[in-house]
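Each structure below is given as structure tokens.
Next come two complexes built around subunit A: one with subunit B, the other with subunit C.
This part shows the complex of A and B:
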């Protein structure tokens, strides 16, 4: 086991003018589960593949354990990777898939067998050890792919969107299993996903990437409660945080000439104000909120509407009565304020 | 000859779709395949039947009378040291040619595959002409190895080797093997390259992380995944060397010196057209036909069960 330390890591692909990763500093503790999350093309995979040694590092330094690995081959880095398409060797049985990496490292036959038994028991893949990958379902392949990583007992696991090929239900299930597995094995893990829910639930620490740079790092709940920028605010949470161009004047939040909330400590001036849908309190009496449509989630409701010209999404419980004209109350303590130009938290 | 269809199967076992059309009229399907059937009958079955019939006959030296001799032509063939020698020549020639052309093609394909994967996409287009050019360049071999004016002959001479494929059987065999493989390399190359390109990059990456160096990666992951392509090419190449190399041999060595490059197909021609022993020639054709049938059977049998992983 080992920690991973990235210092000013950059990556420019040959032939492209803009770097894919523009200088990332990240200190991953031993045993930590870190999730890299961000929109498509933000450089998550690139960063992970640089840690794995599958891409060269254009600038900066990557340390795994106490060794600088910049020029090391993937095999020498003592990491295991789970690929999005699983990358199981199609011509080998599950057992051979698991033992391939161990045999290449000249491990004793008895030790290989012992590890395979152990891994098969952990992942419940013992029943199909002799099958070829094509005779397995998507979920089973996924398990084998994880098994191939676990059996190696590496310093770190690297996952590149390992669940994105599964259907929603299985994804949820495997998400739970990965979490469970990590609690049991405590192997340093770096996990890439663009699914913010997956990111929130799995991560000890969440890294939000945007356009090749780290936008914010922290515990999932901290990021959720105190997003450092409008980007993070909009990215985490579903439905996303309501963001509005507004003005703070005399301790009140002014939107289109009407005061939305009062008693604020915020500095006067133009701001981007944000509020989570679940923080908005809706009442049935006619007021500032015009209801457009409602999405029923079963346990809760997502209410889409407008305050003046501003679109607003609220989440309510089933007890709240709905009508076309409602009153939305925005508690001052639940408001987030961001710089109107830079989008940084104020 | 047997090169039925350019892409007999995708290198990865994608399930092939079965498209079934139902005809209302009983006669329409037969009408539609009638032309194909007619061509097969007139140009294939009919001559083949004639050859089989001919192989049971023997003509006298002047071609005046013909008599039915049963299997005697076959018995004579199988007891003829010349025929058995030709068999041996064919085996040597086929193994060498198929081995050389497949080996070199695979080597080139691996090199180009690496280049395409690492460099930008347009290299692909630059390389296509290189893949096709060897076929055109095949004719150069005659000039290069010409005993009196050939460049390579001269080069070998300065190195102390007296090249003369008109006198040395070994030299002649080397010449026809080189010329025949050269022509086949481009074809093999394209198939190998397509096969290599269809192996997902992530498999190689997984193997790299699993501690396999480039050579081990090739032999434990890449080559096994290429095996359907390799097998298909092997059958095609054996067919090619046994049957399509006639003109190459005729133009370069004419089967000589002595019998050293007389492969089975060439012997059919020699005994039939030059020796005018039509009965024996026909019997040889029938044996060749049998070999083709076995090869075809193996090929189709294999393609039927091509998903071996």
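This part shows the complex of A and C:
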């Protein structure tokens, strides 16, 4: 096991003018589970593949353990990777899939067998060790792909969207298992996903990437409660945070000439204000909120509507009575303020 | 499409039976001819049922040959054909797998050029380049040798092209997973590329073996020593006799035997081949 340290890591693909990764600094502790999250094309996979050694590093330095690995082959870096499409060797049985990397490292037969037994027990894949991948379900293949990483007992696991080929239910289940597994093995892990829920639940530390740069790093809850920018605010949480162009005047939040919230400490001026849907308090009495439509989630409701010209999404419990005209109350303590131009948190 | 109409079923069977008869009848006639003596055949009537001379015919052509048309025993010619076909088959497969591997997985200078040169040879089968090829083979002293028989036929790119297309379908992640598992290029070739190409190799084996076995023009050109005669050209020689009538019973017997190895290869490899197809991923 080992930590991973990235310093000013950049990547420009040959033939493209704009770098895919534009200088990333990240210090991953030994045993930490770090999730890289961000929209499609933001450079998550590129960054992970540079750590794995599958892409060259254009500038900067990557250290795994205490070794600079910039020019090392993937096999020398002591990492294991789980791919989105599993990349199991189709002509080998599960057992051969697991043992291939160990055999190539000249490990003793008895040690290989011992490790396969152990891994099979952890992942409950013992029943189909002799089967070929084509005779396995998607979930079982996923386990074998993880097994191939675990059996190596590497310094770090690298996951590139390992669950995105599974159906929703199985994905949820495997998410739990990965979490459980990490609690048990405590191997340093870097996990790429664009599913923010997966990111929130799995991460010890969350890294939000945007357009090749780190937007914010921190514990999932910290990022959720104190997003550093409108980008992070809009990215984390489902439904997403409501963001509105507004003005702070005399301690009140003004939207389209009407005061939405008062008693604020914020500095006067133009801002982008944000509030999470679940923080909005809706009341049935006619007021500022015009209801458009409702999504029933079973346990809660997502209420879509408008305040003035501003779209607004609120999440309520089933007890709240609904009507076409309602009153939305925005508690001052729940408001987030961002710079109107740069989008940075104020 | 599942249709169940008696008339259509009948029609389908009729067409199939006619097709089979069309192909099988000449083979049957050849077989029948090989079981009668020469006189029966030249008498003008065409018997439809086997005669009693079968043993005699096959014994003669296999062990003595047909001296008055200058053909050696068939065992020798069949061995020559087999050696030639196998060298062509294995040579072609080996060279094309390796060159396709190089073109797909390695970045070397003039890689694209190399590919296009290989591609252009697709348009130059032996028949087209027969004069220069003959000159080269003659200058190298390869006339009347197995090398002369097979090497010029190995040099073509069909198989390289086929393997290239197949390698391009192997997912990139598989290559990367193998790299992480510590497989260098040669290990990757042995542990991944070859096993995954099994089906393609089996299919090519069948095609190339028949291609090699059926070579006619080239062996005829470069062999003058009967030790190197192949069976396909041997049949032709047998029917080309100068002063007497061709011994059709021997010609037909040789044709029957010459058909045998390709048929066996198809039957035997078909099992491997179909198994490979069924076991294919996804």
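As a convention for this text, the second predicted complex is superposed on the first by the 346 of 346 C-alpha atoms of A that agree within 3 Å, B and C clash if a C-alpha of one lies under 4 Å from a C-alpha of the other, contacts with A are read in each partner's own complex, and residues count from 1 in each chain.
Simple rule for what comes next: a contact is a pair of C-beta atoms (placed from the backbone, for glycine too) under 8 Å apart; a residue touches a chain by one contact, two chains touch by 3 or more.
No experiment lies behind these values; they were computed from the predicted model shown.
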> If subunit A is used to align the two complexes, do subunit B and subunit C fit next to each other or clash?
Replying inline: clash
> Just subunit B (first), just subunit C (second), both, or neither: which does A:67 touch?
Replying inline: neither
>> With both complexes overlaid on chain A, does A:15 touch subunit B (first), subunit C (second), both or neither?
In response: first
>> Quick check on the superposed pair: does A:281 touch subunit B, subunit C, both, or neither? Answer first, second, both or neither.
In response: neither
> Now for A:131: first (subunit B), second (subunit C), both, or neither, which partner does it touch?
Replying inline: neither
>> Just to be sure I read the superposition right, which of the two partners does A:179 touch: subunit B = first, subunit C = second, or both, or neither?
In response: neither
>> Identify the residues of subunit A that lie in both the subunit B contact region and the subunit C contact region.
In response: 52-54, 73-75, 79-81, 83-85, 87-91, 100-101, 104-105, 132, 134, 148
> For subunit A, which residues count as touching subunit C in their complex?
Replying inline: 52-54, 73-75, 79-81, 83-85, 87-91, 100-101, 104-105, 132-134, 148
> Hey, which residues of subunit A end up touching subunit B in the complex?
Replying inline: 14-15, 52-54, 73-75, 79-81, 83-85, 87-92, 100-101, 104-105, 132, 134, 148, 152
>> Considering only the defined contacts, which subunit C positions touch subunit A in the complex?
In response: 171, 173-174, 176-183, 187, 191-192, 195-196, 198, 279, 281-282
> subunit A touches which residues of subunit B in the complex?
Replying inline: 12-13, 120, 200, 202-203, 205-213, 216, 220-221, 224-225, 227, 307-309
